[in-house]
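Here the chain labels run A, B, C, D, E, F, G, H, I, J, K and L in written order, and each chain numbers its own residues starting at 1.
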Amino acid sequence: MSDPIFKKIEVVGTSTKSFSEAAANAVTKAAETVRNISWFEVVEQRGNVMEGMIQQYQVTVQIGFRLE
Amino acid sequence: MSDPIFKKIEVVGTSTKSFSEAAANAVTKAAETVRNISWFEVVEQRGNVMEGMIQQYQVTVQIGFRLE
Amino acid sequence: MSDPIFKKIEVVGTSTKSFSEAAANAVTKAAETVRNISWFEVVEQRGNVMEGMIQQYQVTVQIGFRLE
Amino acid sequence: MSDPIFKKIEVVGTSTKSFSEAAANAVTKAAETVRNISWFEVVEQRGNVMEGMIQQYQVTVQIGFRLE
Amino acid sequence: MSDPIFKKIEVVGTSTKSFSEAAANAVTKAAETVRNISWFEVVEQRGNVMEGMIQQYQVTVQIGFRLE
Amino acid sequence: MSDPIFKKIEVVGTSTKSFSEAAANAVTKAAETVRNISWFEVVEQRGNVMEGMIQQYQVTVQIGFRLE
Amino acid sequence: MSDPIFKKIEVVGTSTKSFSEAAANAVTKAAETVRNISWFEVVEQRGNVMEGMIQQYQVTVQIGFRLE
Amino acid sequence: MSDPIFKKIEVVGTSTKSFSEAAANAVTKAAETVRNISWFEVVEQRGNVMEGMIQQYQVTVQIGFRLE
Amino acid sequence: MSDPIFKKIEVVGTSTKSFSEAAANAVTKAAETVRNISWFEVVEQRGNVMEGMIQQYQVTVQIGFRLE
Amino acid sequence: MSDPIFKKIEVVGTSTKSFSEAAANAVTKAAETVRNISWFEVVEQRGNVMEGMIQQYQVTVQIGFRLE
Amino acid sequence: MSDPIFKKIEVVGTSTKSFSEAAANAVTKAAETVRNISWFEVVEQRGNVMEGMIQQYQVTVQIGFRLE
Amino acid sequence: MSDPIFKKIEVVGTSTKSFSEAAANAVTKAAETVRNISWFEVVEQRGNVMEGMIQQYQVTVQIGFRLE
């Protein structure tokens, strides 16, 4: 059997600047321990607020990578 | 009974620049009349278009704050 | 019958920089062939990853325009 | 900051006649206490039954209005 | 144990006139064989089209009734 | 291969009177340019409000037709 | 054909004490008339309130049983 | 009132071979006790695994039939 | 127009003991400032964890009350 | 601007044999009029029944292709 | 880059007593192998039934913990 | 505490032939590294297309296994 198989893990990235950077941070962190990442999917966007200002953008992503 | 209780309100922020700024504008506006905001959740992202260009990013957020 | 009628099409925009630009690119492309676009709705956000970095933000939008 | 901001509230209108009238009743009631309502979205349709007949159509709507 | 228990069945009503009548027809038909119906919930709205005209409105409802 | 194939398009019909008429208007308009329409599915119901009154019922429908 | 087949019915259990007891009551009632129940799935949790207190927890469950 | 009315029941078919056969088995079993079945809708696909192999494909279908 | 109209607000109750108590706490708190509450609906269940133990059950409920 | 842009269309394929063939038929038909198809997503699976047997498997797919 | 990153895993806890205890058991088990757990989210509630009684409450939770 | 606990992982299986084989391939691959797999749930079905033909069926499954 040689059909490719992928696994997906769920990671929450954060950023003080934007949703896009939060997603990028999640991927960068996952890449420290997982090889062959090929895509991500956003599943949730939220954030923390302090003194009436967004303090942290949070993006939950599913990260897909090919199993070897 | 001293278990904390939170309320959530739904606000639509807008921005001419990005989804992240639209969310931030929603939170800033809510903070004018509500105290103790601690988090937000994105529930919808859309926008207006004029002459083939995005004129306004719109982000609907649920904003959570602790009741006193 | 003069009640306005709109059509929605689904387009996937991409960007190397952000979700907001990916959405804008989708709308700009659609405007090349469709007139009277008045709004868009985000239905999915995902992206491609290469060597542990986000290479492409992808935003699927539904684009609404008035039928003449 | 001059980007417009909207708030959404959730109201359940009822009618003995139709879903459309139930939605209209929800909006009319909300307009007694809220200004600048500009749109509504249906989120649920249900109703009460008595002696095998629909006695009440119930439509839950989210009502959006611009904050001043 | 005397806590009331309800059962829900799913019925598709149809009408040549409106969604509201289609729902009413579903309830009326269910009441021929089920007693104690107390509420309904709309779960789907669709219809048939012939020669460019809606020929039949179809409303799927869940109908709840108390078990004796 | 002779298995029938259908296409679905998404149209937003409007009406000043009811959700049912808004859906009918969407189908009527689509039938001006598409042949063999056989069904529709409601995917969203909303509307515009002006001076505290519903000014326009809006129904988004998916319209299915057989490809020749 | 000997592959097992199951049917699912939808029942709303209630309890004055907890969601867990409401689910248990739904299953107990269903077992009076249905044999071979093997699992349940929670599909909704709600309840009635009177004078500011929860008077009744309501849990809608889908109950699965093997057909003989 | 002569508008047709349909009922939907939910059945889980199983198969050792495929999702398609599991759906077919569900319909065949339902047809033993229900007349006038005209359509089905897939609502869930899952299965059992034993010793690292799929032992049983399970497909939950809603089965619609006209009430007489 | 005398058809009853209801409003829904969203509240997050918490408890150190159970989901059921968390929901009850949300309702009790809401009843301090809102009259005529008649039902609630669970929309989310989550919680905080500290040192490997659930420290707080959190239940988000929509609370419905009749407008006078 | 050279970021690639994709469009998605929705097609219902049918087959007398299986869900997999129904999806394949949808893609084959779409390829008669659309170039550069690169992926599809299943959004619904249903079918017609006649005399207690599945007569037609129906699979609704979204088909994505790059705009030139 | 010092923005915190979290991972989420999905665990099914069981209990013979209640949904709340099932969730607690899931968290306790996860804490045997994962450090820094800070929250959980309920994604499914179901259970096994034997001889007409709930034998096991099952709660699927997503468990979030900070990556070091 | 002896209540059984399960973990779920998400895997994407692929096949050139069918959705059923793609799911089977996902389970077989997971079984290389995980013991005690007892069930799977389909969460997404999609695929790649090349030259107007489905080249690869992709099925995302959640795979559940008992923790020891």
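Keep in mind that, in the parts below, a contact is a pair of C-beta atoms (placed from the backbone, for glycine too) under 8 Å apart; a residue touches a chain by one contact, two chains touch by 3 or more.
Keep in mind it's a predicted model, so treat the numbers as computed, not measured.
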item: Residue-number overlap at the chain B/chain C interface, same or different (half cut); value: different
item: Whole-Å gap separating chain C and chain I, where each centre is the average of the chain's CA atoms; value: 37
item: Centroid distance [mean C-alpha coordinates] between chain J and chain A, Å; value: 30
item: Multi-chain contact residues (two or more partners), chain H; value: 9-10, 18-20, 28
item: Inter-chain touch pairs (all); value: A-B, A-C, A-K, A-L, B-C, B-D, B-I, C-F, C-J, D-E, D-F, D-I, E-F, E-G, E-H, F-J, G-H, G-I, G-K, H-J, H-L, I-K, J-L, K-L
item: Parts of chain J lying in touch with chain L, wherever the complex brings them together; value: 18-20, 23-24, 27-28, 30-32, 37-42, 63
item: Complex interface listing, chain D residues touching chain B; value: 1, 3-10, 62, 64, 67
item: In the complex with chain F, residue positions of chain J that touch it; value: 9-16, 22, 25-26, 28-29, 56, 60
item: In the complex, chain K residues that touch chain G; value: 17-20, 44-54, 57
